[in-house]
Amino acid sequence: MSHLPASIDFRANVRQVPPALPAAVQKATAKFLGTRAALVDALGHDVWQALRQAGHDLRLHALDNLDRYLEQAERQVLKAGGHVHWARDAAEAQRIVLDIAGQHRARLAVKAKSMATEEIGLNQALETAGLRVLETDLGEYIVQLKGVGPAHIVVPAFHLSTEEIAALFREKLGVEAPAEAQQLTQIARVKLREEFLRADLGISGANFLIAETGTIVTVTNEGNGRMCCTVPPVHVAVVGIDKVVPDWESLTVLLKLLARSATGQKLSCYTQFISGPPRSEAETGPKELHLVLLDNGRSRILQTAETRETLLCIRCGACLNVCPVYNSVGGYAYGYPISGPTGVLFASQILGAKAAGALPFASTLCGACNDICPVKIPITDILLQLRHRVVEGDAQESAVAPYRLQLAAQLGSFALARPWLYRLGSRLLAWLQAPLRSGDWLLRLPPPFNRWTMARPFPAFAPGFRAWWRSRSHHTRGRS
Amino acid sequence: MVRRAQLFITCLGDQFFPGVLQRMVGLLERLGVQVGFPAEQTCCGQPFFNSGYWSQARDLAAKWLRVFGRTEGAIVSPSGSCVDMVRHHYPRLFPPGTPEHRLAIETAARTFELTQYLAHELKAIEVGARFPHRVTYHASCHLLRGLGVREEPKALLGGVQGLELIPLPGEETCCGFGGVFSVIYPEVSRTMMEAKVQAIDSTGADVVVACDAGCLMNIAGGLRKAGSPVRAMHLIEVLTAGGGMP
Amino acid sequence: MDSAREEILKNVRRALGREPDSALPALPATARVGPRVAGPIRDEIEALFTEIQKLSGTTRRLAGRDALGPALAELVTAEAVRKATLWTTPDLESLDVAGALQALGVEIVPPQAGKARVAECELGVTGVDAALPETGTLVLRSSPDRPRVVSLLPRVHLAILRPAALRADLHQAFGDVQGDGYCVFVTGPSRTADIELTLTLGVHGPRSLHVWLLPGC
């Protein structure tokens, strides 16, 4: 789904999650976590932690000097004969790509997996203008056929069974499709091969953009990235400005972190380094290269020091894999192309608190994501800041939470700040609970606390400690 | 020099776990600690902080610091998340250079979760407990990742006579409490809690032990809802057991 | 001038609180990791081959030029090759791989014949510009005599490797290629786990990867 909702209702989305989904999610994430752990162990704990720190420090350095690196990247791409466009927002990026497509009278575009293009709704914009746009990453191709968005940033269709995919191919492609993965892969290979060779336009994102030489780096396992960037006559790369890294040496760190964190591979199959269009006529490759630098809220994220590290993300998906919330609900509940912890960080800030204010609360703050992030993003600290933004507002946005919650917080802290009122409240609750009590438990509580008791009983109030302490102090005093 | 410890009983401990607090007092005194209880304490403000209501959190933090700031000795709590709040978030609630900020840093430095205090300050791993039952351990998130307390609770359980410690699958996976999360997204909280209860059941243990009131409320309720015979206990209850189930 | 460009850069500078002409600081030392020191060449090649095999690639050591013909005969039969396309580097020309294939009845399609014709080839033959033992990676550069499509479109990729191509790590490999317009680091045949996490090979890139070591330069 390339269109984004006006407002994300996480709870409502969760209620729509099919019962079979969590088990499928967990099967996938467990596999990735396992292969990742094996490779991290093989490298050694100290080596891995040093890499994480290096990854963090170099990405932060790039962000702290983003303007200079963007200018350097632009200079280098232009020097290499590429075109550079700047897009402030989704609409502008769409217009730029449409213009390029129009100039070449493009009718068919093939696309490598790119979260940035999903974020800006590029497919829809192109299709509205009469182009056919084909996702070429197998998982994205499958969900595109199905008419839904990706359920995970690395394996978009993992939640669909082989049978479902076979049925989809039979229905949408009109071919014999046995429910067997290798044969389905072969069907997709043949189908997409025809399209690659016919396509007028190849669209990609970039995993990284090396400022030193203006180099677009793409990382794929399937080869569709190579196809999109090599075979059609025009290549358009839509790249978030946060993807910039200073130099090639930075990649000696980042490439070691990325594939291990994402899929438990030492290196993905194809890491492509593209610095401009081919330098001679005789080389195979696109005739034109267009780099579209996308802001779409990233410079705003930069503004708040407490949330800036959101942009360190290298899109590995490890935080999704380890998140107990993601594992309970899958990607669609988040209502955004990127899901899980990093998806919450991006969606909250790119869409804003009004649209995405529900998301920062979709976390228990367990912190597993902090520990697994290869570039040490302080994810839970950022979530806390985003929650603060939603309910009290901060320099970036004013509060959007309903006033009655503010009132409840004020009353609550008023009572808790006054020991006499706190103790009075405690006695009152212990007294009021009598009719609800069933032994040591309260089986049902009034709203909104029935949200607790719908799942499990609440313990009965038992504020006996203070009286115990007082009586034993009297006792001790009495004895001495 | 007499060791002094001030009890930080936490609002949940105060309201729901009097036995845990009493046993904590008993154990610390038995280990030669002079225990104090600043009665003006109420709540550290964590629920407000986690919900984004930092103005309210700041007020409660300032109050907590006034109450405990004028005490001497270590401040000890049976709850990892509350200690994490004080140690990591209190300094951030107050602008650097202010008296509150300095007080936050000083006070945080002497605030400990119980197993931290036992293992590192008192160096007491074996405390003469006997609990001949099958026990499994759930690692509370803030204790584990916030405070870095991973081995201490298990070492303490290891020092208990007759206790058989069975590893819990997904020991470090969140139980789904998450404070206000449990009422904001109750369906997800329930799914996570049910997964934790299932893991506990699969171990064949008689008891699941944790060091955080929130986790215990969630897990105990879940076990009861599932009709499970497994008991949820705070670590201190096992450490002060003489043999039978208290 | 480009108002979007100016606005974005302005917003970035403002967000960073930057003075327009302040100097670019160097990267912190903690942002770097040290290079790897290569072991003896035999061990490096052994490690490279082990990694490639783990990735479902096939490796072979050929004693010399003369072994090439019979090896190609086996490959052509095993992979049912009817058409092939090749790099035209001096090394491959000197080995006359094209000639050997033609002698086996394989039609040679020049890469310049266009993508549709190259896509009909079952086999693409390249050299290896650099090889990384830790990950089993082959670095393939791009130039008029090293067309990109040769290692991409056919379903079988044969890479002729010389020991001199071995590099210690990414640092060293980057030293070779960072001035280029294009290169690709190939680590195993094309793969995906998109369908129920089941590993399948040959999605869009080659399904088979064969790496043959020839001694010498």
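Quick notes
Per-chain numbering from 1; labels A, B and C assigned in written order.
FYI, a contact is a pair of C-beta atoms (placed from the backbone, for glycine too) under 8 Å apart; a residue touches a chain by one contact, two chains touch by 3 or more.
Note that the coordinates shown come from a computational prediction; the quantities given were computed from them, not determined experimentally.
The touch graph of the protein chains shown is a line.
Taking the mean of each chain's C-alpha atoms, the chain whose centre lies closest to the overall C-alpha mean is A. Across A-B and A-C, it is A-C that has more C-beta pairs touching. Remark: chain B and chain C have CA centroids separated by 55 Å (rounded to whole angstrom). With centres defined as mean CA coordinates, chain C is found 30 Å away from chain A.
Among the residues of chain B, none is in touch with two or more other chains.
Partner chain A is touched in their complex by these residues of chain C: 2, 4-5, 7-9, 11-16, 18, 24-25, 27-28, 30-33, 35, 51, 111-112, 115-116, 119, 134-137, 142-144, 147-149, 152, 169-171, 174, 177-198, 200-206. Remark: chain A residues 10-11, 14-15, 22, 324-325, 328-329, 360-368, 370-371, 384, 387-392, 401, 406, 409-410, 412-413, 416-419, 422, 426, 429, 441, 448-449, 451-452, 454-466, 468-469 touch chain B in the complex.
Of all residues in chain A, those touching chain C in their complex are 27-28, 31, 50-51, 53-54, 57-58, 61, 64-68, 70-71, 80, 85-88, 92, 136-139, 142, 155-158, 160-162, 165, 181-182, 184-186, 188-189, 192-193, 196-197, 212-213, 215, 221-224, 226-227, 230-231, 241, 246, 248-253, 255-256, 263, 265-280, 282-285, 293, 295, 299-300, 302-303. Only residues 9, 11, 13-18, 21-22, 25, 37, 39-43, 45, 47-57, 59-60, 63, 141-142, 145-146, 172-174, 176-193, 195, 217-218, 220-222, 224-225 of chain B touch chain A when the two sit together in their complex.
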